[in-house]
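Look for chain A in each of the two complexes below; its partner is chain B in the first and chain C in the second.
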Partner chain A sequence: MLISPSQLMFILTLISGTILSISSTSWFGAWAGLELNLLSFIPLIITKNNQYSSESALKYFLVQALGSAIIIFSASIMLISPSFAPLCLALALLLKLGAAPFHFWFPQVMEGMNWIQSIVLMTIQKIAPMLLLSYLTFNYLVTTILFYAIILSAIIGAVGGINQTLLRKIMAFSSINHMAWMLSAILISENMWTMYFLFYSLMSSSVALIFHFQQIFHFSQITSNNASPLPNKILMLLSLLSLGGLPPFTGFFPKWILIQEMTSSYFFMPLLVLLASTLISLYYYLRISISAFVLFSPKLKWSSPHRSQSLFTPLMAFINLFGLFIPSVFIMF
Partner chain B sequence: MWYITMHLTSLVFLCSSAFSCILLSLTSLYYNSVTMIEWEIMTLNSSSVVMTLIFDWISFMFLGFVLFISSMVLFYSGDYMEGDKSFNRFMYLVLAFVLSMGALIVSPNMISILLGWDGLGLVSYALVIFYQNEKSANAGMLTVLSNRVGDVAILLSISLMFMAGGWNFILYSSYMSDSNLLLMKCLVVMAAMTKSAQIPFSAWLPAAMAAPTPVSALVHSSTLVTAGVYLLIRFSPALMGSEAQSVLLIISCLTMFMAGLGANFEYDLKKIIALSTLSQLGVMLSILALGFADLAFFHLLAHALFKALLFMCAGVVIHAVKEYQDIRCMGSLVFSMPLTSTCMNLANLALCGMPFLAGFYSKDLILEVAFMSNINLLAFVLYALATGLTVCYSFRLVYYSLTGLFNLSSMSQVNDKSVVMTSSMMSLSIGGVTGGAFLSWVIFPESYMICLTFTFKVLALALSVLGALIGYLLNIMSVNYSLRSLKSYSKVVFMGSMWFMPFLSTFNLSHVSLKTAGACMKVGDYGWSEHFGGQGLYSNVMHQSGYLQVSQNSSVSIYMKSFLFWVIVVFFIMI
Partner chain C sequence: MLKFIFMNILLIAFVKEWWFIQISLFLMCFIFSCFMGHDFSVSGLGLSLGSDHLGFILIMLSMWIMALVICASQSIKKTNNSPSGFLVVNLLLLLALLLTFSATDYLLFYISFESSLIPTLILILGWGYQPERIQAGVYMLFYTLFASLPLLVSLLSFYSLGGSLTMGLVPCAESSNFITFMWYFCTIFAFVVKLPMYLVHLWLPKAHVEAPVAGSMILAGVLLKLGGYGLIRVLFLFPEVNKMFSWFWVSVSILGGVIVSFMCLRQVDIKSLIAYSSVAHMGLVLSGLVVFGWWGQTGAVVIMVGHGLCSSGLFCLANMVYERLGSRSLLVNKGLLNFMPSLGLWWFLLSIGNMAAPPTINLLGEISLILSVVSWSKLSMFGIGLLSFFSAAYTLYMYSMSQHGLFFNSLFSCCSGKVSEYLVLMLHWLPLNVLIVKTAMILPSF
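Entry: the complex of A and B
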């Protein structure tokens, strides 16, 4: 994939916006960072001149702009109404994240992107709002709002993905579901969030990269033999299981730690919902891969061979599959 | 090129080890020595799980008999199973059977005995289903599941014996009182009852006749069915004066009577012999329940010799008459196969207790000791009846198969030319003639003091003569020719079908549980738990997902308005 100079610049400003917002000491600085981040992501979305990318860019812009407006508004009334402003900030940050009651834009925006942009949306764009949310957890009522957001995100992320046939939408709902886990990690501690976020970024981007290199966007493309030969299908299955958090794979590790921390912090009710919803999300991951394995896959003679992959994919897949296993080998000796 | 088949190698190997075992047994009897080897596997809360091996004259003697009989049986199968596709598999199975019996004999420990005990159950299943047809499959399932009840009883008694602090029942059985270990004793007795096919569990013994005849010879003489008796012989100090003992007496007497009665109504050659085994097992267990474990062991060994012989003869006869097992299709065999008939007659007479044959020494002693001891009327009557019935069915068998009319098919080749089969039969016949005397001299250096009135002394003899007369003469008089038994059909069916036990322990036992399980599956797996479980959850989630889908299908302004709505809600809550 070629990167044009302007894209390079926008990527740099996107990252610097994130860094600016999480390292600023005032809400104004945070807002400025978020704006910078938003405005540099918009041109990145519009790589193709078609209506899908512009539509999702517009939707993204509108929603994020509303969130930013509420943030600067509540930052300015912080001194006037110190009880209301943090709540309003939390709501706006949840909107920017795409967490559950305000998640509606998230699948729709992702629908118009390609996989690389989706990776950015699923990982980098979450850093700033989440870390800003973690600065607000001192407030008891914000914590309550976060609990509601956790429970709703878990349920909606799980149930929403079931009926989908578009892989980007499934990944979006899975992202919403994982967001519930990350929000509960925020409630435990910042380190916990960092750990979960890093693992989630690794898993989701490795799955998305596998899809990207074969240019798969729909269910039906998976079953076709040309789009994905069998080794790729197996890789995809295992990566998806890792994303679902099945024990031998890396994805189990952050869930394991988080479950332990949540039980020791007596967060039983959200944990129950999280676990149940993870089961449902595991079901739709399995549905993706099982249909790839058991359905008859035609092999067409005229289609071009699948695209070559980068060196990055096997590395990620390796970490994805053996991340839990390899440290334990070292522990033994 | 020498071609050595397995039956020759097993003959040499097993026979030599049999004689060395008997020699060792005599040595340990002479020096009165017991060697016990314990290998500690683990220790758990001060009770150690050990593998115990005992080598005293009992185990050596029993081992010697088992090895001798199995060497003969394996040699015999060299001809009997000749041409069978899986001859080697058969041989290996029988050897595994002997091996597990050996493991059972030498380990007097509740845990390590399981090695042999379960091994016997497993291999007996593999042997019963050796001929692959539906009848064998059913018989095998009945056999293995009946034996499994005993295995479970042993497992439960292991957990109860944890209280005693160890599982070595040779050492502990003298110190078990009824007050704290009665349940464990009952479980052990139940385990022995399943292996030795006592009354509630008798159905598998005749059914196991689906196995090849050499296997029946081995199973019914010295290995599988005697395992239960052997366990109780080792366990007998604990049974002294226990509640379990009196229950065992009644059950074993009933088994003895039931089997003797059933054999008189049976027409299948192998089943008649199987029922006679059952009857003799009843004799062994009843004398054991009366407190004479040494007599039970004596009868066990003597019976093993002539019963193996009887089965071998039956196998030769079955081969000769074109695989028919119905004794009505035999007759006048004495003219065509005199050697086999001699052996069969010998075994039959030994079974009846004909003086100075093997059975006489043990059976007569048992009867006289039983009549002399403190015995209740029911057990006494059952003893007396069973003695007569044994002679009765033996003579009936002799009448139908060996003498009488020639009932074979028009084209038959009846002879006893097979050297392999007859030579092994001859070797066992020597045991059948001399075994009883040898054993009684070796085991009982001081003879039992018998003190009976004249009536009781001749009772056994009189009953035997009476039974012989009834068994032989009634058949000569051809009372059966006019189908008289149809007049009392229900009684005949009751007595001839082992008191309905085969029906009760197969269909009627599984019927209720299968029906309940079927209902549970229909209501649960196919019904409610599907409705509220997998399918219900799936359709429910799909339904909910549809709602979410609908909520997604609206414009961005709606999303933004809903966000503002929540901001306003929070605002009003806070203000």
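Entry: the complex of A and C
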């Protein structure tokens, strides 16, 4: 995959926007960083050979601009009404994240992207709003709102993905579901969040890379894509199960640690919802992989031959599957 | 323990050679049995692995059943239905089982308990018969996962309570308030589903009917025993609450066993009949475990071993018939005595094993369980009487329907059994009947 010089620049500004916003000491600086991040992601979304990309870029811009506007507004009234401003900030940040009550833009934006852009949307674009949210947890009202967001994200992320046939939408809903876990990790500590976020990025990007290298975007492409050999399909199944958090894989580790912390903090009600929603989301992961496994369709002449994968995908998949065997690496959290 | 786990992992490298794996599994079983001189204390400790007498017996059982599974699935090699993939999946399953039974840490136990699900799922999806296998696999996965996620929460609560999850160091939940009650149910439920108890058994017949013979054998032989093993490991953590609720488990499992026996009496599918009969047997195991008696626990362990060998052998027989007739229906598989007279003997021997007839260890186990449950409550005599009567009745029904009567007319020739098949059946039957001569191998005798 070749990167043009302008794209490289935008990637750098995207990352520096994130860094600026998470390391600034004032809400104004955070806002500036978020804007920089947004404005450098828009050109990255737009690609010539995808007609939906401009639509999703526009939607993304509108939603994020609204969120940024609310952030700069509430940052400026912070001095006037210190109780209302954090509330407003939290809601705006939830909007920017795409967490549950404000999730509607997220699957639609993701639909118009390719897998690499989706990875950026699912991982890097989450860092700044989430860390900014973690500054607000001192406020009781914000914590209550976060609890509602957790429960809603868990349920919507799980239920919304069931009936989907577009894989990017499914991954978007899975991202919403994982966001519920990440938000509850924020309520416990930033270390927990860092740990969960790193693992989530690893798992989701490994799954997305598997889809990317086979150029699968739709449910039916999995079944018709019988050019891909069986080991690839097994790799896909196991990576998806890891994303679902099934025990022997790496995906279990962040869930384990988070459940442990949540039980010791007595967050049993959100935990109940989170676990139930994990089961439902596991169902649609399984649905993807079962159709790849069991259904064989006649091979079409024009089906693209299997693409050679980079070394990166097997490496990611390996860490994704066998991370639990080297737990001492993660003990540092 | 690590030596056996490494042996298991290294065997994965040799999956191209079917015979090598088959022989090595028997060899592994033999080497493991040489460590029998443990005198019922914990042996092979190290790296949070180790086995006490219970773990030892069940590890032995899983190695033995796995070796027999490879023997019984020769048709996968013959039809070249990706045999090396099959062996990899089976070896990974055995690895998960070894880790489960030898874990001295509740969390490691949980992780490996759960990870045994994935090879089973792949076994059912990959080598099963009908398109319904997808439904069966998903059913199995979600039934057990739904029950076992609360278990994880409850184990981690134990960790935050006592600071350790090493078996024996975890503090008991002595109180009997509502929280402890919820905690108890969260902990028990995973194993009760895995066992399975009546009311949550629905995944089992489905999974058995759709699984290949290997899946059925390993499911009936070892995976159900994971439930019993887990119960033995966690029940003593809730001494008070369990005393309050043992009536519930005993009545559901005994009455459920009677109902399931009725259901067995009207099955036409051999495999689902055997699967339902496992539910009835496991109900007895559950009631023996929850009454908290020494007799009950030892009887449950003996039944677990006996039932593992016996029902695995019956599934093996059902598959032999299926390979010849292409059907598992009792309406097609009738009068088999005309075709396979010598196999009829094995049908008889394993059927009476399922009825708990004298020389088998099932008898020993049932006697201890009946003693324990009846001494807990005289009322349970009625249920147990009905249960053991009807379990004899449906086994007799299965034997007589499949062996006696006029054979199915469209069948004109079939092989009456190969030496390898007789060998597999004999290896099921022999430990089932010989172990009673030296019960000290499975019964702790203090």
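The rule is short, and it goes like this: the second predicted complex is superposed on the first by the 314 of 333 C-alpha atoms of A that agree within 3 Å, B and C clash if a C-alpha of one lies under 4 Å from a C-alpha of the other, contacts with A are read in each partner's own complex, and residues count from 1 in each chain.
Note that in this section a contact is a pair of C-beta atoms (placed from the backbone, for glycine too) under 8 Å apart; a residue touches a chain by one contact, two chains touch by 3 or more.
Keep in mind that what you see is a predicted model, and the values were worked out from it rather than measured.
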| item | value |
| --- | --- |
| When chain B and chain C are modelled together on chain A, clash or fit | clash |
| Touching partner for A:33 - first (chain B), second (chain C), both, neither | neither |
| Contacts of A:162 with chain B and chain C, given as first, second, both or neither | first |
| Contacts of A:293 with chain B and chain C, given as first, second, both or neither | second |
| Partner chain in contact with A:105 - chain B first, chain C second, else both or neither | first |
| Partner chain(s) touched by A:84 [first = chain B, second = chain C, both, neither] | first |
| From 73-81, 181-189 or 361-369, the chain C stretch with C-alpha clashes against chain B | 361-369 |
| Common interface positions of chain A, toward chain B and toward chain C | none |
| Residue numbers on chain B that touch chain A, as the complex places them | 541-542, 544-546, 548-549, 551-552, 554, 556, 558-560, 562-564, 566-567, 570-571, 574-575 |
| Contact set on chain A toward chain C in their complex | 230, 234, 237-238, 241, 246-248, 252, 256, 259-260, 263-264, 268, 271, 275, 278-279, 282-283, 286, 290, 293-294, 324 |
| Residues of chain C defined as touching chain A within the complex | 82, 85, 96, 107, 110-112, 114-115, 117-118, 122, 125-126, 131, 134, 137-138, 141-142, 145-146, 149-150, 152-153, 156-157, 159-160 |
| Parts of chain A lying in touch with chain B, wherever the complex brings them together | 59, 62-63, 66, 70, 81, 83-84, 87-88, 91-92, 95, 101-102, 104-105, 107-108, 141, 145, 156, 158-163, 280 |
